[in-house]
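I'd like to ask you about the structure that follows.
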Amino acid sequence: MDRFLNLGAALLQPLLLLAAAPLLTGVIRRIKARLQNRRGAPLLTPYRDLRKLIAKEAIVARTASPLFRAAPYVVFAATLLAAAALPVFSTVLPGARIADAIALIGLLGLARFVLVLAGLDAGTPFGGMGASREMLVTTFAEPALLLVIFTLAMTTHTTNLAGMADATLTGATVLRPSYLFALAALLLLGVAECGRIPVDNPSTHLELTMIHEGMLLEYSGRHLALMEWAAQLKLTLFAVLTVDLFLPWGLATRLTTPAVLAAPPLLALKLLLLAALLALSETVLAKMRLFRVPGYLTLAFLLALLGLLSHVILEAAA
Amino acid sequence: MNLGALSLLDQAVLVLAAMALFSAFALLAQSRLLAAIHVFAWQGALVAAVAALTGAASGDVNLYISAAITFVLKVLLIPWMLHRLVRRLALERQSDPLPYPALTLLAGAAIVVFADWVAAPVAQFEHSATRNVIAISLAIVLLGMLTMVVRRQALAQVLGFMAIENGLFLAAVASTHGMPLVVELGVAFDVLVAMVLFGVFFLQIKDSIDTLDIDRLSQLSASVEQDEATEAQR
Amino acid sequence: MIWLLLAVFTPLAGVLLLALLPRAGAAGWANLGFSALSLAGALGLATRVLRHGVLDAHGFRVDAFNVYLVVLTTFVGLTTAVFSRPYMYYVHTDEKRVSARGMRLYHSMYQGFLFTMLLALTTDNLGILWVAVEGATLATVLLVSLYRTPAAIEAAWKYFILCGVGIAQALFGTVALYFAAQHVLPAGANGLSWSTLYAIAPQLEPRVMVVAFVFLLVGYGTKVGLVPLHSWLPDAHSEGPTPMSAVLSGLLLNVALYAVVRMKMLTDAALAHSATPELAGHLLMGFGLLTFLTAVISLHRRRDIKRLFSYSSIEHMGLMSFGFGVGGPLATFAALLHMLVHALTKSSIFVTVGHATHIARTQRIERIRGLIRTQPAVGWGLLLGVAAIAGFPPFGIFTSEFLLLSATMQLWPWLTPLLVLGLVVAFAGLFRSTQPMVFGAAPPGQYPVRANMLPVLTHLALVLLLGIAIPAVLAHWLDQATQLITGRSLL
Amino acid sequence: MNPAALSLPLAEAAVLAALASAAAGLVAARWPRALSWLAFPLLGLAGACALAAGIDALWCGAAQTATLPLGLPWLPWQIAVDPLSGVFLLILGAVLLPVAVYGPGYAREFRNGRDSLAHLGVFTGLFVAGMLGVLLAADAFLFMVAWELMSLASYFLVCFQHEHADNRRAAFLYLLLAHVAGLLILLSFGVLAAAGGGFSFAAMRAAHPDALWAAIAFALALAGFGAKAGLAPLHVWLPEAHPAAPSHISALLSAVMLKVALYGFLRVVFDLIGAPQWGFGVTLVIVGAASAVLGVLLALQQSDLKRLLAYSSIENMGIIFLALGLAQIFQAAGHPTLAALALLAALYQALNHALLKGLLFLGAGAVLHGAHVRSLDRLGGLLRRMPRTGWMFLIGCLGMAAVPPLNGFVSEWLTFQAALQAWQLHDSLLRILVPLAAAALALTAALAATVFVRAFGVGFLGRARSRSARHAHEVSGGMLAGQALLVVGIAVAALLPGSVLGLLARAAVQLTGHAPAASGWLWLTPLDPASASYAPLPILAVLLVVGALGVTLLRPHRGAPVRRADPWDCGFAPPTPQMQYSAAGFAQPQRRVFAPAYALHEEAGVDRYELTASDRTWGRLYRPLGALTDRAADLARRAQAGHVRRYLAWSLITLLVLLWIVS
């Protein structure tokens, strides 16, 4: 019985995330629109877009290799798998045993690797541009992200995400300076990783500014749909990751009906908060020049490092 | 010690040794070749005489023989060969004055003092009167080297070389009453061959660089490494 | 005894006969024959010494220390004769650099040189030793100037003068030794017999012995090529005919070093109870280190291939002197082994160099190119020879250097960095010159020559063998020699 | 007979096979076929034997020793096989076997060239024999002999195509540093022997030198083996030498020889010196981190494919030594289990790097063979012209980029797990240092991903940038088979980490006395399942399932084939291959950000722009040394002025001085 429950949990949570991803995007767009005094598109537009794209015919560049067509599936699968490591409504999560936090970052890395290759594949200048810039971003973002994970791992003595959340839930609630730094770093990184303003602008196709979109330039139809969906999933993933790591309260530590039922609304609430925050920042901030991006990311890296050090120095006893 | 205590023979030996030392100085200073050759011959004679006298004093026959050898070799044969060479190479008028005569002689004197200082511990185990001759002979050896260092004339260098041999012989005689005969013969043979070879070389040098000024023999400095030389004859 | 006579006096006969033999071609063969005969004698002698121990009679003394040098000398003499026959014939007929008289002189003096070497090695009488070493100078000096070029004559002159003076100092040292002996020995005893002296060495007066040793060290050291007395060596090696360079590097230096070590043994025994028992060793070490380091630096930026390798000879002589100076069984064993492998390797290198210069028609390093393309055998021979001399295993020189380094590490740990630095610099110097000569494209108009690589092959094979495993016989000899020199056995 | 007794005979058989292959190579001078039909098969045999010996030695972790009737009379050669050498025998075999399969096809192109096949065959055999000898040696003398044999033989292989001046220069530099390394190692052994009174490893192991001498021995060993393993700043030879050699040799050099150096270091520092000191660990961590970052930064700027791989080797060796540093620290701090974990991470990384770098160098060789160019800027679009090579190269790149589910990720993950246990340390300095090292490692990993994205993306994707790339052709079956074998090895190391770790654990036990928590074949749980776990097989499964689902669900109903069209030109002129991002352009942002790390040399022409980013150690360290030597040489030369009188004066002065000294 338990086994089935576990399996169910393991399958349900990532699928829930997958289903919710476009909604989150929609919500963010809506809030942004409101902040900019526009009515904005209805919340379900992203779903419609996906359906439309899937229905459309896929056109592939003559110059592209088979890898170009395989890429969307790999990217999608890798992102989904990464999501499977995240506790959404309960910390009882076999998926987290398969891939811990480090593996999660690794899987995102896999997705990025393939994505960038796909960007280079068509042999157009824009693809290369996007690829090169993406790698610049990740050069700093990935280690910083790892540092954030390390900070928490050294506190909770595990790299298993569910375990981390569990430890935070069960352990006494103490205010940790390292967590503050780590949280700040993670927020900055999430913005960068998901290609949001001020690092990248998801809603532009100006080749001088774009990073992520540049790599997708050649995609169309179902391939593009998968890519978009994966991107939305990644955004959600980061949001949930933030939530899990820093304010996991509300997650069910055991698979009991009330707990499990109570969890999703709480999560939705927290995600809404984050979405509002992101929308706000995207409204007030402007996209920065590419060569200010390293500075931005170095800041994130520094914060993450400070988190680690302050943990070692101040909280070593813990 | 006082000379009075010594036998006449010993006194004579000392006198002769002193004169040999003087001749070494003369060899060092003498700038004209023929004169230098004569000085060398005299030195040889003195050394031979020392040998003979020591022989008389100690009365062993070996010394007479080696004295005779030395006389023939260093007083007659080698000077004669050198004469012939000088004439063949037309060097009679040749002379190479020392750059700094006074300085050189001072150095020579210093060397003598040094030789005495070095020889002192050696000498004090010898009880015969002639022990201080060891210092003299060492001085002659070193002076011979000095001659070779300061002289630019190949012939003069040879004289220095032979002077060294004289010094060695003197040392042998004075300290140990001569080496075993076989060694003496070997040494004499070597000296003779060496002299012959020197003669050959003079001719070769003469017709290769057409002078005997050995400072001209400096192509083989490592920095030039005889590029021209080998390339020329290839 | 008969073996001894065969080994030592065959060359003497060779001197006389070859001086009369008119035809150069035949002379080459005869030269080879005499060397072979002498080698046979040496081998017989070796077996005899191996079986009945030290041979000490009629003013000769053959013990473990010099027997293997005798074999080495005759062996290298033979292989070099094998090389020299066609090479000198080529020089005589094609290059026309040597007259028929020159050839006669050459062959006769080649044997003369071997004779003096063997005499110096086997005699027990220090006076005869001196005479022989001086004789070696006299025998070779005319060969150095064999080509009659100004450079050759100059080199010969320097060789003659410097070695003559050096040897004279050695004679003074010998006299002083004799003098010291006379105060201990009864009248009539042979005060120049090494064995006698060694027996009574502890009673010899230390202060006299010190002075004597200084003279002997400077004297024979000149012939070893110790810095700063080495100046004659590169000139003589580079200007003489290549076979001469081979035997000079391979044999003469060894014999001179042998003499020095014999003297050191006496001095050590005499100074054992004085204030400075280690003096001789320290002097030797100092000289060795100075020589090594100077030579190592001089290996860089050379232009003449034969000078390059003569400096390498100086370097290795420095190492050996250092080894003997360090003393102790391990270092001495290493130095003895080094004498052997260095002689073999260096003579093989000079043989190859002879072919290389023959191919490129010059000794200038920057004009010798692409040997491996023109004539792979020569190219590889040179490359492997250099690798061996630079101390790469599995060649024997690595073994001796390994032992030397570890011995130094035990006794003088703070000197090892100097040695290692030197070895690295030496390697760099050798290879930066050798590699371009061997590799790369061959210049146009460069053709292979009739090369006789047999000597190189045998030598390198032997060195390789010594690097991989030292035969028990040899190990036994070397160990006995070590025992003789240091009084302690290693095995 | 019991399996334990098998490993040593197998290893000896491997050595003999290698020597036989060298002999066979000699024959190839006369009959070129001998190389393909005799020398390489014998090498393969050697590889197989080594592989078997290694596995056997690890399986039944007992040490076996024997004595050969060679060497010095009082110091006969001793050989031994124990788990530690077993690990590296395994690595050697696992790479040598594919190389032997790959070799004949690759060497065929030399047949009509002027380079002698005998040269190649003989020294390949000797090279392998040397490496095996190093792994088997149980006394310092044999170790040094084998070591230098390895260096010398590989030197000849590096200057195999010696008509290019660059190759000659590279070879010289390589041999020079190898010689320095050898002598340093020799000194380090000398120190240990002086303490232990013998050159056999047993004696050294038994002895315990005092802290100072231990530190000296450690420093010497680090410098010596580090130089050979390509640690900064002694790494300069590596990027020169590895590209110069024929590609299958480059594979051996990079994949195996560096590991042999690592083996030597492990042997000396972890086995012979014994007593761990945290100072050693800190040094190792710092040096390793520096090498890793420097190596990857330089790799990022290379446009020559093989140079890029070579620099990446420097990076990987840096990571390995960093992990070793962690092991040393934990050992010194009294956490043997964690030490074992870090050590295992290092060994695993070594195995991975061997397999991956072997594959990549073979792939580079295939590219060279098929397209005849090495420069990324002249390649492009190869994935469509050489599909098999291309996909296998992609696998190698993914592995190097350390993304799951490949094996590169496993070792990185283990290293992180080890580093994350820093909270157990008491010394606060170490507690800070270890996470910092982890941060450096993370940065390196990210940069490495960039490096290999660039390598594959520019080289194999996009459009052909040159005529030769346009006419590239797939390589022969043998060469593909060689690469495929390595892919198999990679798959095993990637998907069955539990089992592989179980094998390697024997070595960790031998060195640290402990092994990390046992783990099944599926899960990788080094410490305890709660704290961390990783299971690549399910990951792969899920990836495949989801991918397959996606393909099937999203297939268009009318099943029309995908339409092809020209790439979108953004309304400008249609993009030409020259408009693609070049290798230099791709890495330009990082070049700008990390500018201080490079010595940049740009030259722009009318229609071309060339940029080389070399490392600074040259100008800072090596040129001055060379100049110093030459100056000294000139000085010595001036002393030899050629005046015989001056020489006489020298002699006289020497005499006087000596007399003065003794009197």
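By written order: A, B, C and D. Residues from 1 in each chain.
By definition in this document, a contact is a pair of C-beta atoms (placed from the backbone, for glycine too) under 8 Å apart; a residue touches a chain by one contact, two chains touch by 3 or more.
The structure displayed is predicted, hence computed values, not measured ones.
Asks: Common contacts of subunit A and subunit D?
Replies: Where subunit A and subunit D might share a partner, there is none at all.
Asks: Which chain pair is joined by more contacting C-beta pairs, B-D or B-C?
Replies: If we tally the C-beta pairs in contact for B-C and B-D, the bigger total goes to B-C.
Asks: Between subunit A and subunit B, tell me the centre distance in angstrom, where each centre is the average of that chain's C-alpha atoms.
Replies: A distance of 100 Å separates the two centres.
Asks: Which whole number of Å gives the spacing of the CA centres of subunit B and subunit C?
Replies: Centre separation, subunit B to subunit C: 30 Å.
Asks: How many angstrom lie between the centres of subunit A and subunit C, each centre taken as the mean Cα position?
Replies: 78
Asks: Round to the nearest whole Å and give the separation of the Cα centres of subunit B and subunit D.
Replies: Chain centroid spacing, subunit B to subunit D, equals 69 Å.
Asks: Using the touch rule from the top of the page, what residues of subunit B touch 2 or more other chains?
Replies: Only 118, 121, 145, 148, 214, 217-220, 222 qualify.
Asks: I need the residues of subunit C touching at least two other chains; which ones are they?
Replies: 157-158, 161, 165, 169, 211, 234, 298
Asks: For each chain, which other chains does it touch, given as pairs?
Replies: A-D, B-C, B-D, C-D
Asks: Name, in rising order, each residue of subunit B that touches subunit D in their complex.
Replies: 114, 117-118, 121, 142, 145-146, 148-152, 214-215, 217-224
Asks: List the residues on subunit D that touch subunit C in their complex, please.
Replies: Residues 69-74, 114, 116, 141, 144-145, 148-149, 151-152, 159, 162-163, 165, 168, 171-172, 175-176, 179-180, 183-184, 186-187, 189-191, 193-194, 199, 629-630, 632-637, 639-640, 644, 647-648, 650-651, 654-655, 658-659, 662-663 of subunit D touch subunit C in their complex.
Asks: Using the touch rule from the top, collect the residues of subunit D that touch subunit B in their complex.
Replies: Where subunit D meets subunit B, its residues are 634, 637-638, 640-645, 648-649, 651-652, 655-656, 659-660, 663.
Asks: Within their complex, state which residues of subunit B touch subunit C.
Replies: For this pair, the touching residues of subunit B are 118-119, 121-122, 125-126, 134, 138, 141, 145, 148, 154, 157, 161, 164-165, 167-168, 171-172, 175-176, 179-180, 182-183, 186-187, 189-190, 193-194, 197-198, 200-201, 204-205, 208-209, 214, 217-220, 222, 225-227, 229-234.
Asks: Quick one: which bits of subunit C touch subunit D in the complex? Just the residue numbers, please.
Replies: 157-158, 161-162, 165-166, 169, 210-211, 214-215, 217-218, 222, 228-229, 231-232, 234, 279, 283, 294, 297-301, 372-373, 376, 387, 390, 392-394, 398-399, 402-403, 405-406, 409-410, 413, 416-417, 420, 423-425, 427-429, 431-432, 435-436, 439-441, 467-470, 472, 475, 479, 490-491
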